[in-house]
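Each of the next two complexes has subunit A plus one more chain, namely subunit B in the first and subunit C in the second.
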Partner chain A sequence: MEQILANGVYLGSQYAMIALGLTLIFALMNVLNFAHGQMYVIGGFVTYTFYGQWGVPFVLALFMSCMTLAVIGALIEKYLFAPVIKGSSREESTMLLAAGIAFLLDALILLVFGEKQRGVPKIVDGVFNWDFRLIMPYDRILICVLAILSIVAFIALMQYTKTGRALRALAQDRTAAQLMGVNVDRYSMIGFALGAMLAGLVGGLLVTITGINLGMGGPTSIKAFMMVMIGGAGVISGAIWGGFILGFLEAFGLAYLSQYGDITYLLIFVSLMIFLAIRPQGLMGKPWG
Partner chain B sequence: MNFSAKQILGVAVFLLVIFVGVPMFIAATGRWDFYFTLTSVALLAIASAGVWLTFYIGRINIGQGAFALVGAYVSAILVVKAGWSFWISLPAAGLFAALVAVLLGLPILRLRGVYFAMITLVLTQVATLTALALPITNGAKGITNIPLPSGVSLFGLTLIPDFGQLENTRMAFYFTACILMIITYAALYRLVNSRLGHLCRSMQQNEELASSIGVNITYIRILIFAISSFFGGIGGAMFGSISQSVYPATFVVKDSVDFMLNCFLGGLGYVFGPMLGTLLIYFGWDLLFEFGKYQLLIYSTILIVVIRFLPDGLLSIRFGKGEKK
Partner chain C sequence: METRAAWINETGGFEIGGTTYDIEIVSFDDQKDPKRAIAGMEKMAQEGIHYVVGPNVDDGAAAVRPVAEANDIMYFPYAFPKELYSPPASNAVLGMIANYQSGPAIYKHLMENEGVKTVAFIAANESDPLSQRDGGVAAAKELGLEVVSDSVTYQVDTTDFTPVLTPVLRTRPDLLVLSGVSPANAPQLIRSARELGFEGLISTETAQDAGVLAEGAGDLANGFISVGGASTPELASPMMNEFVERYTNMFGEYNDESNTKVYALEYILETLKATPEAIDDVDAFKASMDSFSAPNPYMNGDEQLTYVGMTSFGQKRQIAVPLVVNVYQDGAFETMFIARVD
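Let's look at the complex of A and B:
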């Protein structure tokens, strides 16, 4: 039981970070970022290149992952999403754009990093063992702690800085924020970059444990969508709840249901449907906000 | 419904091209593989028509792959395990997909916008997982060696020849798929220009308002979702029959996204948009095959450029911006 709970916290902390980035982009731009999983994969590959191949310290490699994704995110927002949102008569057009970007990033990953599964050496050796009731490698604990710290840092950023306040205002009401003198275009770009950066950060953290490959993008996006649906789209607390709930469900499912075959996700989905039938806006979401 | 002379001429030219022009072209150039490509286009266009219809009530549907998979499996199981004729299993597959859509639609159609898009996307993934988990679908091995469609005769008159005995199966499949596609789009056009179409447009604009003036929105959205999934099921069943096999990976999330892209690219305001979109996306992808590993890069770049400069779809070039059907 302790083991399952620990696994749940470990999975949940990573999932929450992925969901945070997605939900931030959604809240600011009303864009469903299909390319989120691909951004995560790029983050993983950048850390792999710096840390695994060139021997740069891990923290610096993580920083490079964040920076790369922030730049990619800012460019995508400025030159692709912003003009399309302005020029299109239907807001769904951004979904096509997001899907196109997901393909584009997939293509770039394939060309730059290849299709092989990549891993990096462990950052810390050893296994934490509490009486064989709870076994957890030290690197997983470290990653989990780092993930939770990043979430705390992100919330602090959103709550206590000027940028965070501007972003929250933007998410609440775009027009009102503009009227209050918020530079909407600039903060949209910053917000998108921040969301992409979070995806890159998770990728960089997880490459040390699960490794990274080209095919991980799509499934990651789908998981992120599920978390956002559980918690409610566009709400930060919702993304964190969603991430941890999915993490715990997965940990319990793997522990108790694996003997029946691969049905954990089937059950999660069925319960998600029932849940959404009762509460369509998710746990924390505003009704059709 | 009054058609202008221009419309009738357009349809006549279109029919002439696909039933006479294409076979002549293929016979002349000897590119027999085009039959398979065009058949796929026709079938995917049927499924895309369904997606377009859900767009028409203002829902972004990324779950058509799930219903295509359901259709493909139902038809395959009925033909292989129950020994039905393919031609009976085809509507059965469509109806079963529609039934699934009604059951799933009751809860999920209450969701809107991005929520609906996300849940339908997850639905596709779940269809694949279900196909892997259920015993009747044979898991990852899938159902293979599906026999070709058998003949149908009425009072000794052969209506549909036995596909297994035809020397040119590809052409037969091509014609079948095209006929199905034409029926689908004729039905779609009729639906859009009927009273139901008006109600759908009212829902696309504002569901609460439509509801307040007495439109039964729950009934209509489930009906539309069922019709949409019926198309998906038919397209999927036919696809399974052509490739003579169904696997859980026959329709995956990528296909669902493609169906959505087909509709977007052609233009959501035009009934024939998804047909054009499917043709361009499928053919474009095939043509880019020569570029090897740069295929996906070029394809996605073109896609992004199109949506960047023509956010309302390709058909909007001709008709000008802002004008809606």
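Let's look at the complex of A and C:
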């Protein structure tokens, strides 16, 4: 049981971080960013290149992942999403754009980084072993702690800074925020950059554990959407809950259902469908959006 | 194949029946999708092509069979379903060693040399890995191994294998078999298993990439057993070494598994050379397969290119390449043993 709980916390923390960026972008712009998984992959490859290939210290490589994705996110918002949102009132326009960006990023990743699985040296050696009841490599513990600290830092930024207040105002009511003097265009770009940066951060953190490859983008996006739907689209606390719920469901399912074959995700999807039929707004979302 | 074709063309072409031909490779990416594989095979038929290398996965190879048979196409899949190569099927030729041939050889070797008695299997939830797992389980039981776990599977997009492996390793097997594992997943599985304290042997019947293992698992991958390409430094002739050099120049890096892929084109060309009328007549090609023999240019010594497969398929529908089993050590593969398949 100890191992299952630890696996759940570890998976949940990384999932929550992935979902945070996605839900932030949705909250600010009502955009379903299908390219979120690809941004995560780019973050992983940037850390791989700096840390794994060029020998740059890990923290600096992680910083480069964050900055690279923040710039990519800002550019995508300014030159792609902002014009489409202004020029079209149909929501499917941004959805199609997001899907197109996902394909574009996949193609660019293939061109720049290739199709192979890549990995980096461990950032911490050794394994915590409590009498074989709980085994957890130190690097996973470190990544888990860093992920939780990042989530706390993100919440603090949203709660206690001027930028965070502006972003929250934008998420609550775009028109009212504009009337109160919030520069909507600027903060939309900052918000998108922040969401993309979170994807880059988690990609950079997890490349040390899972490695990275081109194919990880799509499945990561799907999981991120599941977490957001569980927690409630556009709600920060909902994304965190969604991430931890999915992490624990996965940990328990893999531990107790593995003897029946690969049915963990089958049951998770069925449960999600039933849950959404009963509570379509998710755990923390409001029925009116 | 493109490397070999370019090489042949650069050196003046390939002579068949007194005529010298340049080799043109017509490629089609089926993206491992059976529907696209069928479309690809139909394209080959429309272009009048009688010899195709691929598809590379079980579903695709099975899907193209009707198209190939209806259009007189001999095809050389890197896929394992026995019914493709057994009568009444006759157009498919297995282009490599199948898992049901390499698996038993590996298990037997480990039983005799490492004292392996118990084995656990884990596979991705996809058709190829699952069928390879089932074949491996059957082979292990036939050899007298105790299979302690064979039901655990994982999604192919899994990134963290610790929760997946935990119940498998509780069964404390002597040997953990990663059935049909992809080069992308192998390092993570090995790393998670070792970090969970597993000290037994780990093997797979698929070919792997030493560079990917080194990056993804580092020293934790030491001792990992996998099927290699159809060559080793001891077996490789100067021509194989030149192939490796040309391949590396063409594509930037070399994967040991590409040793296997060089053979299909060579078999097609040498068989056509021995039976020139087979250029347009695949029945002539089939008829010549039972007795065909030509010097193997990629191996030292007097090795021959011949068709095999009587034991597995009841007819000669497999190219003869050496079964090389490797063990990973400090960033490179070392030859563990070499065997042959009939």
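To be clear about the criterion, the second predicted complex is superposed on the first by the 287 of 289 C-alpha atoms of A that agree within 3 Å, B and C clash if a C-alpha of one lies under 4 Å from a C-alpha of the other, contacts with A are read in each partner's own complex, and residues count from 1 in each chain.
The definition used in the following text is that a residue touches a chain if its C-beta (ideal position, glycine included) is under 8 Å from a C-beta of that chain, and two chains touch if they have at least 3 such contacts.
Being a predicted model, the structure only gives us computed values, none of them experimental.
Judged by the touch definition given at the top, the superposed model places A:108 against subunit B, while subunit C stays out of reach.
Note on subunit A: of its two partners subunit C and subunit B, the one contacting more of its residues is B.
In the superposition on chain A, contact of A:272 is made with subunit B only, not with subunit C.
Looking at the shared chain after the overlay, A:280 reaches subunit B, while subunit C stays out of its contact range.
By the touch criterion defined above, A:87 reaches subunit B but does not reach subunit C. By the touch criterion stated above, A:36 is placed in contact with neither subunit B nor subunit C. In the superposed model, A:228 makes contact with subunit B only, not with subunit C. Applying the stated contact rule after C-alpha superposition, one finds that A:262 touches each of subunit B and subunit C. In the superposition on chain A, A:118 makes contact with subunit C only, not with subunit B. Subunit A residues in contact with subunit B (one complex) as well as with subunit C (other complex) are 218-219, 261-262, 265. Across the interface of their complex, subunit C is touched by residues 3-4, 7, 10-11, 14, 52, 116-122, 127, 129, 132, 135, 137, 140, 206, 209-211, 213, 215-216, 218-219, 250-251, 254-255, 258-262, 265 of subunit A. Put simply, subunit B touches subunit A in their complex at residues 55, 60, 104, 106-108, 110-115, 117-119, 121-123, 125-126, 129-130, 132-133, 253-254, 257, 260-261, 264-265, 268, 293-294, 296-297, 299-301, 303-304, 307-308, 311-312, 321-322. Per the touch definition, subunit A reaches subunit B in the complex via residues 26, 30, 32, 34, 80, 83-84, 87-90, 92-93, 95-97, 99-101, 103-104, 106-108, 110-111, 218-219, 222, 225-226, 228-229, 233, 261-263, 265-266, 269, 272-274, 276-277, 280-282, 288. Within the complex formed with subunit A, the subunit C residues making contact are 125, 151-155, 157, 159-160, 162-164, 166-168, 183-185, 187-188, 195-197, 209, 211-212, 215-218.
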